[in-house]
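Order as written gives the chain letters A, B, C and D; numbering starts at 1 within each chain.
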Amino acid sequence: MNLINNLEFYLVFSSILFVLGLLAALTRRNAIGIFMGVELMLNAAGLNFVAFQSFRKNIGGGDWLHGHVFSLFIIILAAIEAAVALAIVLRIFAAKRNIDPYAATELRG
Amino acid sequence: MLQEFGNALSFIVLAAILPPAALGIFKFFRPSYPHAGKLMTYECGEIPKGSAYVMFNNRFYLVAIVFLVFDVEVALLFPVMMLFRDAVISGEGATQVFLLSFSFLFVLLLGLIYEWKKGDIDWIRDAEDRRRGLAKDKKWGRTLAS
Amino acid sequence: MKTGFDGVFGVNSPLFIFSALAAVIVILGFAAPLGGFCTFIERRLAAGFQERIGPNRVGPAGLFQMFSDILKLLLKEDTITKNADRVIFALAPSLVLVGSLGAFATIPFTNNVLGADLDIGIFWAMALGSVVSLGVLLGAWSSDNKWSLLGGMRGAAQIVSFEIPLGIAILSAITVTGTLSMHGIVKGQAWITSGGGFWNIIHNPFLFINFFVYFIASLAECNRVPFDLPEAESELVSGFNTEFSGFRYALYMLGEFCDIILFAGLGTAVFLGGWQLPFVNLAELHVPLAIAGMNVSPLVQTGLMGGVFLAKMASIIFVVMWLRWTLPRLRVDQLMAVCWKYLIPISFFNLLGSALWVWLFKGQSILQLVWAWTGVN
Amino acid sequence: MGTLSALLVAFHPNILYAAVSLIFSLLSVAGMYAALGADFLAAAQLIIYVGAIVVVILFAVMMSEDIYRGRLFDNFKRFLWPAIFSVVILSGVVKLLLQTNWSGIKDNFDRLPTTKAMGLALVGPYAIVFQYVAIVLLLGLIGAVVVARPEFHHGDHEEDQA
């Protein structure tokens, strides 16, 4: 058993992370909680990218570290998403004194 | 590289366990005579009123957002800027690296200029104050408690 | 064949852990007392600036003051207020220490005393340094005190804001060094005859200005005067650590002083040439000296390098302490203006200038150009 | 540690504790990156996620007073179906993972410095994406600031309170 040189270890960890993030996003009645669940899911995806990149056999083609670059972009997009999403959350809170996503339903058709 | 990260990790772990360890060991030597006055939140001798968890001004949040974006930018520029010297010396791709990184920087600088013009990075928002007819103290500016 | 513990980590674990522990003990065993020692130095200096005497009773010239202080703080009652959030209250000082002490791994004291020779050394130090703001914010929040919360909010906003000019200033040095590894950065600053470009601070005029940007930003990162708004004692009692008493307060102070040492060390390594001296190359120094048949040359060499590094670091720390007793505190709006309206545009401009310099002169420094022009060698 | 803290993120009733445990799960992911040999990503995870995103999240949590409203079991039915769904997904994925024959992968690899390669990728094949990232960052910055900017002319409750 050699954990850190074992692809399954990373994949199982990231699937656990993903599922917990999903659960948080589905069950929380707090917009920030949902947001943190989304962050966990994004992290799980990034971890998968890097894991597959590291264990990939280089079969032809240049070694551009595509997986790493994709994870980097995931991190960056998560950052922008955090800025915008939390700004919206705070705006909703300022209007409603409440950040339960079920409360903000005025725009529902 | 794993060894180096191991070293770095052991620094982190040691720094993290230092406080609880020191506090835990000396727990047996130090006195502990708590009473209500000692355990009260300190508010310059007044009896504390209400919770401290009041809603904060959005300005802190604005600063945090602007920081977030620029932090991402700095982090992204590190691997690119690192190439620049070698590119110049080998004579290959220096123009490419320079143009890409500085167009990247320039786009974000536009963001900073926008914030500046809109007054979002001013702690005291002169424009808003003027619109609301609040006079600004000539010498010191209007100092909000913050 | 790997068994047990070895197998789990996939590396030679006993050696791995032994080497890691050795690095930690050598450097932290040196750095943490240095942080404590700084408090004593600061008190003596403050007394000097104000024409007092300062602590001079414990040990020769008060040198052991630090140990008595630490003992006193350790033996003080540990008070956690009733409304405080105990878990986060206990966690927060650890976070601050992780941010400051953890980053000591990357400071290159000599060319062989270095905690972790990461390929991303300087970036790693910055990354860990950003954890400090979390410690400040959480510590402030957990104490349920209005002063603390105000100080913590200010502190977090200030620390994160000044990370940007700090990062850009370091980035402009990276354009010159072309590497993120701390050893690589220091090696590139050797004296000209040894093939380096000499210290980055006088590599070109842009880096000279950016060193001061770095210095100002690092003052703000450490919550030092004139940026000590988070713990402004005349307005916020003690800021984010109002409710922290006894040893917990000492931990915050240790974190602050370690932060000062950390940023002084990084500044020394990145801008002031680390252990490099003019005219000589300490890395190739050979001392023809043997004690009891043992070649002491490496020891002397390491000692000299460490001494040079520490001297540079100490002079930065001295300026930091000097400023504390010289300058008044800024207002919050001025603080933000300094960061966003002055430091960031200036450092941006210097980054551009520094990159252009590298491009125009093929990465050569002023001294190298002068050297080539005068035709020595 | 990562799993435990992720559990806390999902289940802790106090949203601030969930945020604090999010720090630890992010740190453990950074550790995984380091173990995978992605040294730059590990530091980027620290500097962007832990140093920036979590600070923003903490600000948002502290500003929204809603610390105890993430209550889990206020509506059991609302919790039950996602939970069952998640457990099914997790068991399915893990079963699939362990059954797969990973013959196309290496069982060992060198952990080489990645920073330079990533820089080359960012100015090489990903140059366009790199520029797009700048524009997305700019738009995100402006959008977030426009949304979050305090509006003084209506709703007086948010000014001068702090």
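List of remarks:
Assume a residue touches a chain if its C-beta (ideal position, glycine included) is under 8 Å from a C-beta of that chain, and two chains touch if they have at least 3 such contacts.
Note that this is a predicted model, so its numbers are computed, not measured.
Simply put, of A-D and B-D, more C-beta pairs touch at A-D.
Compare each chain's C-alpha centroid with the centroid of every protein C-alpha atom shown, and the nearest one belongs to B. Chain centres here are Cα averages; for subunit A and subunit D they lie 5 Å apart. Computed centre separation for the pair subunit B/subunit D is 18 angstrom, with centres defined by C-alpha atoms.
If you average the Cα atoms of subunit A and of subunit C, the two centres end up 33 Å apart. Separating the centre of subunit A from that of subunit B, both taken as means of CA atoms, is a distance of 23 Å.
Shared interface positions of subunit A, defined as residues touching 2 or more other chains, are 4-5, 72, 76, 79-80, 82-83, 86-87, 90. Annotation for subunit C: residues touching 2 or more other chains are 118-119, 123-124, 128, 130, 141, 149-150, 153, 156, 160, 163, 180.
Shared interface positions of subunit B, defined as residues touching 2 or more other chains, are 1-2, 5, 9, 53-54, 56, 58, 60-61, 64-69, 71-72, 75-76, 78, 81-83, 101, 115, 146.
On the subunit D side of its complex with subunit A, the touching residues are 2-3, 6-7, 9-11, 15, 18-19, 22, 25-26, 29, 32-33, 35-38, 40-41, 44-45, 48-49, 52-53, 56-57, 59-61, 63-66, 69-72, 74-75, 78-79, 82-83, 85-87, 89-90, 93-94, 97-98, 102, 104-109, 114, 117-118, 120-122, 124-126, 129, 133, 136-137, 140-141, 143-145, 147-148, 155, 157-158.
Within the complex, the subunit D residues that touch subunit C are 16-17, 20, 23, 39-40, 43-44, 46-47, 50-52, 54-55, 58-59, 62, 113, 115, 162.
Residues 4-5, 7-8, 10-13, 15-17, 19-24, 26-30, 32-33, 35-37, 39-40, 43, 46-47, 50-51, 53-57, 63-66, 68-69, 71-73, 75-84, 86-91, 93-95, 97-100 of subunit A touch subunit D in their complex.
Every residue of subunit C that touches subunit D in the complex is listed here, in rising order: 87-88, 91, 118-120, 123-124, 126-128, 130-131, 133-134, 137-138, 141, 149-150, 153, 156, 160, 163, 180. Of all residues in subunit B, those touching subunit A in their complex are 2, 58, 61, 65, 68-69, 71-72, 76.
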